[in-house]
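There are two complexes below, and they share subunit A, which is joined by subunit B in the first and by subunit C in the second.
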Partner chain A sequence: MFEGVFEALVALCSPVPLGFLVLGVVLGVWGGALPGVGGPAQLAVLLPFAMLMEPINCIAFLIGVTTVGNTGNTFTSVLVAVPGGSGSQATVLDGYPMAQKGEARRALSAAFMVSMLGGIFGAFVLFASLPVMKIIVRAFGSPELFMFTIWGLSMIGVLSTGAPLKGLTAGVLGVLLSTVGQDVKSGVMRFDFDQPYLWEGISVVLVSLSIFAIPEMIALAARKSRVAEVSELGESGMMQGIRDAFHHWWLVIRCSAIGCWVGILPGLGSDVADWFAYAHARQTVKNPETFGKGDVRGVIAPESSNNAKEGGALLTTLAFGIPGSTSMALLIIAFVGVGMNPGPDMLTGEIHYIYMIIWALVLSQILASVICWAMVKPAAKVCFLPFYALVPIILALTILSAFSAHFSMMDIIAVLVLSAFGYIMKVTGWPRAPIVLGFVLGQKVELYLWLSIARYDMNWITRPGVLIIGAIVAATLAWPLWSTLKQKRLAAARGAA
Partner chain B sequence: MIKGTGCKRHRRAAMCFAAAGIFGLIVAPGMAAAEDFYKGKTLTMMIASRPGGGTDTTARLVARYIGKFIPGNPSVLVRNKPLQLIGANDLHNKVHPDGLTMGAFAGGGSLGPVLRKSNAVRYDLKSWEYVGTVERGSSVQIIRKSALERLKDPGKPPIAHGSVSTDRTQDAVAAFGAIYLGWNLKFVLGYPNSNAIYLAYGRGEIDMFGSGTDKILDRFIKQEGAVPLVVEAARNDYPGVPVFEELLKKKGLTDRQMGAYRQWTGSGVVDKYFALPPKTPAGLRDILRTAFMTMARDPEFKKQANTILGDGYRPIDGATTHKLIVGAIEADPEAVAIVKSMRAKLGLPQTMVKAPAPLAKVKFDAVQRGGRVLVFKHKGKSRKVRVSGSRTEITMGGKISPRGAVKTGMTCEVGWTKRGDRLEAQKIVCP
Partner chain C sequence: MRIQFRMSDLFTVFIIGLLVTAVAVASQWILRASIIIIVLGGIGAVLATAQLLVDVLGRAEVKPKAAPAYELPSYDDGNAREIFWGVAEIWGWMLALVLSIPLIGLPVALPLFVLAYFRFYGKSWLTGLVLAGLIAVFIIGVYQQIMHVYWPDSVLGDLFLDELFGN
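On to the complex of A and B.
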């Protein structure tokens, strides 16, 4: 078996496949760095070309393109508070404040290091899970997936520190927003207000751009300043970022494991991996009060998980030949087109392709991080651009990205309406992360609850997986309360003493 | 040589040559125009499903090849819509009929809602222009081998049958099997797409589903412990597997009940078809039709299609597709009633249409806000009736029309009901 593993590496490192890998990574990073360009949209454009290649070149190229977008996403998330993609929304919460404090280099450097580590972790999990792939994927049905979404929603409380009622309201609003459009089962149009545009629902791209990006740009323009509120960037930023990544190694491992898990569970979606990891970090680290104000841990957590999930996502795709996401679906189409057979057959007759995929994943993560590191210093200077130069560019990019949701002028009107809402939330002190998390999870909550009841009636509640996850949810909700109570008792005891 | 014959021959040749020249002068600009139209342009393939399923796979296969066979060789760009209904509504209402956007649909997902009179339907399939169909072979119901013993035993836990909604032919087979053949089934609806259904089977969440995709059927039968239960129509690759319609006949279903079965499975008359919006110029439609059939005969396309779709696929031309679809959507009210009662019995989503309001012939004194409000007199009373973009059905000359087409002074038949504290038009029929 190990011979095959190293043979795959040698084959992949031949000039032609390696060249395609590099090309794929460059395109993937570039697509990820530009909001609205990367992800499935970019993959769909490149697919016809990839399907003309030999299988090994196709693997190298497409894995390179598909799995590094979250690395490239980090630039805009940190530098200008524009979520570069659905996997980098949570990074904005601490990445942008770090840029404002003049720590953009540190944030980016830490992000790229943990992206690489997380991606390699995901590849390792994929390799280690080969013998038990199917058992892992089969262990989770709709009831367990529903409980995971409840776990995600329980994190709204974590993200609403200081304003729990506002956070809860924002979360509920996010869930309500997710119900706009047509219901799959019955065809009923919900909250469409007679507008054909709303039949398809609201795009997650629109919501995240409107709630985060545009309000920040408006605030920047109103302040008439620049992103960085300091006069110069520290020279030690890049090395400090790398040190941060290793200093918080245990957080990296935990969040990578979370990312892997989310990737393995088809249907949860990549846009929740970073939120789960961020909320977990906030709940479990010491001194979480610095989160949201430029804490590097708030960057490390989501960035390690959103790359680790790639290995997890490939697990389901390769185990069954059935994709768990749009990107994986496109990947399968390409693989089938070049003569491969993703699925159980690949585990027996074509295992060398799987080894190639794993190595391509590892090499892509390393390469992407190296490319991005090389761009950190010039990119960080964006923080010093005056608002009148930066804001128009970012607004134009954001509007273009919003337009890519449905290629309709109504996309632009929708983003303007939602941005106004997001700005009002910002100036009135309402936490915005819960509305995005509620929106992202809303449809999944409804879907899995419906499927659970339709399949199991109310008996789904007593499934072991449901009970275990329910206990974890209860523990994560109770832990902060218990911690606070304990601290109060200790403080009271000290005071009495 | 007979005198005069050589001259006749030369005259004939000259006339032929002149006719050819005139013909070329007439046709060539047209051909040049056809070539000019698509040159440098992009043809958008709007796939009415999420990526990865049967519709998406088939459409992407066609998208890869069809550009080569269209004069001018346009690029082909693929875009996905999340649901069949949404894609169909968009093709009818939003896409310009300029020959640059083609929709890819599944018969079940787009015809099904029409056949069950869903009021989410905002499209008229009769008015579409059809390019062609890729027919993959009829669907097969597969069931987990270990679940077979529960199929006809109502005393045991029911077998979970997974589906997206209930518009596909395989859903009709399951429903009729449950009602008329005593199948012990439980319907689990709402999976977002076919991939989610396959995963659910793999996880053991469901034990039965229907599919027409050869690769999926092969995989689940050979590797996932499934057996074919019935086929919708006879298939060479499944000899010995009962044909469902024959099972129903043996059971002694009445003509009306069989009619209801054909009504529900009418959506399966075409598998994956390609269509243009209404009022697309016939010339452009014909270019695409020709390209489609030429592509279908291309050896390279056939090789890829066999790999991806299996051996059982066949192309159907646009004109035949049109006939099949129009024929399928002529709904028999009795059949619709039977289907409706079956759906109620099985707890499946019902049609959404309320009892139709009676139509009254009125003349519009005023049409306000771009057709959103109609003002007219009825039985001596002045009425102000709202027109919904999604709930009101408007036809002019028998064709579905937007509310902006309604003008002051028109005389039409209007049916309206109370909605909250306002009156809303259900139906407007104008000559």
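On to the complex of A and C.
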């Protein structure tokens, strides 16, 4: 076995595959850093070229492109509050405040370090769990996935401390927003206002751009200043970021495990992984009151998970031929096109390809982080650009990114309407993140609920997996209450002493 | 008990109205399509009403709180009047941009917007043209040539820009 693993590394490190890997990583980082360019759209454009390659070159190139987008998209999330992709939405919450405080380099450096560590963790899990994967994935049906989405929704309540009613209501609004369009179960057109544009629903890209990016640009333009509130960047920011990553090593491991697990479960995807990790960190770390105000742990948590997710997602894609996302579906198409057989056969007859994919994943993560580190210093200067240079460029790119959701003029009108909503939420003190989390999870909640009922009637509630995850949900909800009570008791005991 | 109604409470009222309308509309559909909306929308309406009551009835007694932990901090500490006009101004720019797209086309409107905004604040033509040029190169290079995006119809584009942008 280990001989095969070593041979795969040697084969991948020969000049041609390595060259394709570097090219793929550069394109992946670039696509991730530019809103609307990366992800499935970029992959679809590159697919015809990749399908003409030798299998090993195709693996190197496509793994490079597919698995590093979440590293590249940290730039825009941290520097200008524009989530470059669905996997970096939660990074905005603490990354942008860090940039405002002049700690952009530290935030980016920590993010790239943990992205690399998370990605390698994901690759390790992919390697280690190959023999037992079949059992684990088969234990998870639609009822368990439904409970996972409920777990995600329950985190809205946990995280909305300071404005719990507003947070929960915003989460509900997000779920309702996700129901817009044709209901696949019944064919009913929901909230479509007789507009064919709304039949397919609203894109998550539109929602995250409108709720985070444009309101922040409006605020920047209104106060006529720049992103950074301080006069200069700290010189030690980069090293501090790396130290932060290792200082919070246990958080990195936990969040990487969350990301990996979310990636393994088909259908949950990276847009959930970062929220799960952020919520987990917010709930379990000491002194969580600094979260949302520029706490590096709020960057470390989502960034560890969104790259670790790639290993998990590749696992189900390769071992079962089940793509968990559009990108993974396109990857399967390419692999089949060059003569590989993603699915159970790959585990036996084509195991050398799996080893190559694992090594390509590891090398991609390292390369992507090195490339991004090299760009941190110049990129961080974006925070000091005056508003009249930054605002029009970011707004133009945001409008372009929104337009790429359906390539329709209606995309731009929708983004404008939702931005007005997002801006009013910002100025009236309504937390905006729950609306995005509710939106991301809303469709999945409904889908898995109905699938569970259709397949198991109401008996799905008694499945062991459902009961276990139900207990975790209850613990998630009870934990803040318990810790508050504990603190009160401690304070009372100290007072008595 | 002192009742204190602020402008920001209007947004909460709007949210309640939105949720109640959603529930009312959904109740006309079959149960499979509407159950989630009715249940969650109903809960949301109750939560939002509770929030409104807390805000309106309890405001005088409530101590100022920190910003919600799930929100980006606001640095809008400038003059309220200046901020108001700044917000109105940027919305004016955005509306002008959106209205100009059907007129002159997206590939022209976006670079022009960048140039106009930059020049509006009295900055140099050269830098403005460079920034606008970068946006134009990005639009044409990536979206037009690589991704083969079909731009929405525009009055000016229909007249003579088709040749230039190839649609």
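The rule we apply is simple: the second predicted complex is superposed on the first by the 497 of 497 C-alpha atoms of A that agree within 3 Å, B and C clash if a C-alpha of one lies under 4 Å from a C-alpha of the other, contacts with A are read in each partner's own complex, and residues count from 1 in each chain.
Following the convention adopted for this analysis, contacts are C-beta pairs under 8 Å (C-beta built on N, C-alpha and C of every residue); 3 or more make two chains touch, one makes a residue touch a chain.
Computed from a predicted model, the values in this text were never measured in an experiment.
Once subunit A is used to superpose the two complexes, subunit B occupies space next to subunit C without a clash.
In the superposition on chain A, A:P344 contacts subunit B only, with no contact to subunit C.
Of the two partner chains placed around the shared chain by superposition, subunit B is the only one that A:F140 touches, whereas subunit C remains out of contact.
Judged by the touch definition given at the top, the superposed model places A:T74 against neither subunit B nor subunit C. In the superposed model, A:Q195 lies in contact with subunit B only, and not with subunit C.
Of the two partner chains placed by superposition, only subunit C is touched by A:P288; subunit B is not.
Draw one line from the C-alpha centre of subunit A to that of subunit B and another to that of subunit C; the angle between them is 80°, to the nearest 10. Once the two structures are overlaid, the count of subunit A residues touched is higher for C than for its counterpart among subunit B and subunit C.
In the superposition on chain A, A:K426 makes contact with subunit C only, not with subunit B. After overlaying the two complexes on the shared chain, residue contacts for A:P48 are found with subunit B alone; subunit C is out of touch.
When both complexes are overlaid on chain A, the residue A:W450 reaches subunit B and subunit C alike. Subunit B and subunit C never share a C-alpha pair closer than 6 Å once the two structures are laid over each other.
Under the contact criterion defined above, the residues of subunit A that touch both subunit B in one complex and subunit C in the other are 45, 185-186, 188, 407-408, 450.
Put simply, subunit A touches subunit C in their complex at residues 34, 37, 41, 45, 81, 92-93, 96-97, 100, 159-163, 165-169, 172-173, 175-176, 179, 183, 185-186, 188, 190-191, 212, 216-219, 221-224, 229, 282, 288-289, 291-294, 388-389, 391-393, 395-397, 399-400, 403-404, 407-409, 412-413, 416, 419, 423-434, 442, 445-446, 449-450.
Remark: subunit B residues 50-52, 56-57, 60, 64, 77-83, 85-86, 89-90, 93-94, 113, 118, 120, 122, 160, 164-165, 186-192, 195-196, 198-200, 202-206, 219, 223, 304, 307-308, 349, 352, 388-391 touch subunit A in the complex. Contacts from subunit A toward subunit B in the complex involve residues 40, 44-45, 47-48, 51, 134, 137-138, 140-142, 182, 184-189, 192, 194-196, 199-201, 266-267, 316, 320-324, 326, 328-330, 332-333, 336-337, 339, 343-345, 407-408, 447, 450-451, 454-455. Residues of subunit C that touch subunit A in their complex: 8, 11-12, 15, 18-19, 22, 25-26, 29-30, 32-34, 36-37, 40-41, 43-44, 47-48, 50-51, 54, 65-76, 78, 83, 86-87, 89-91, 93-95, 97-98, 101-102, 106, 110-111, 113-114, 117-118, 120-121, 123, 127, 131, 135, 138-139, 142-143, 146-147, 149-150, 152.
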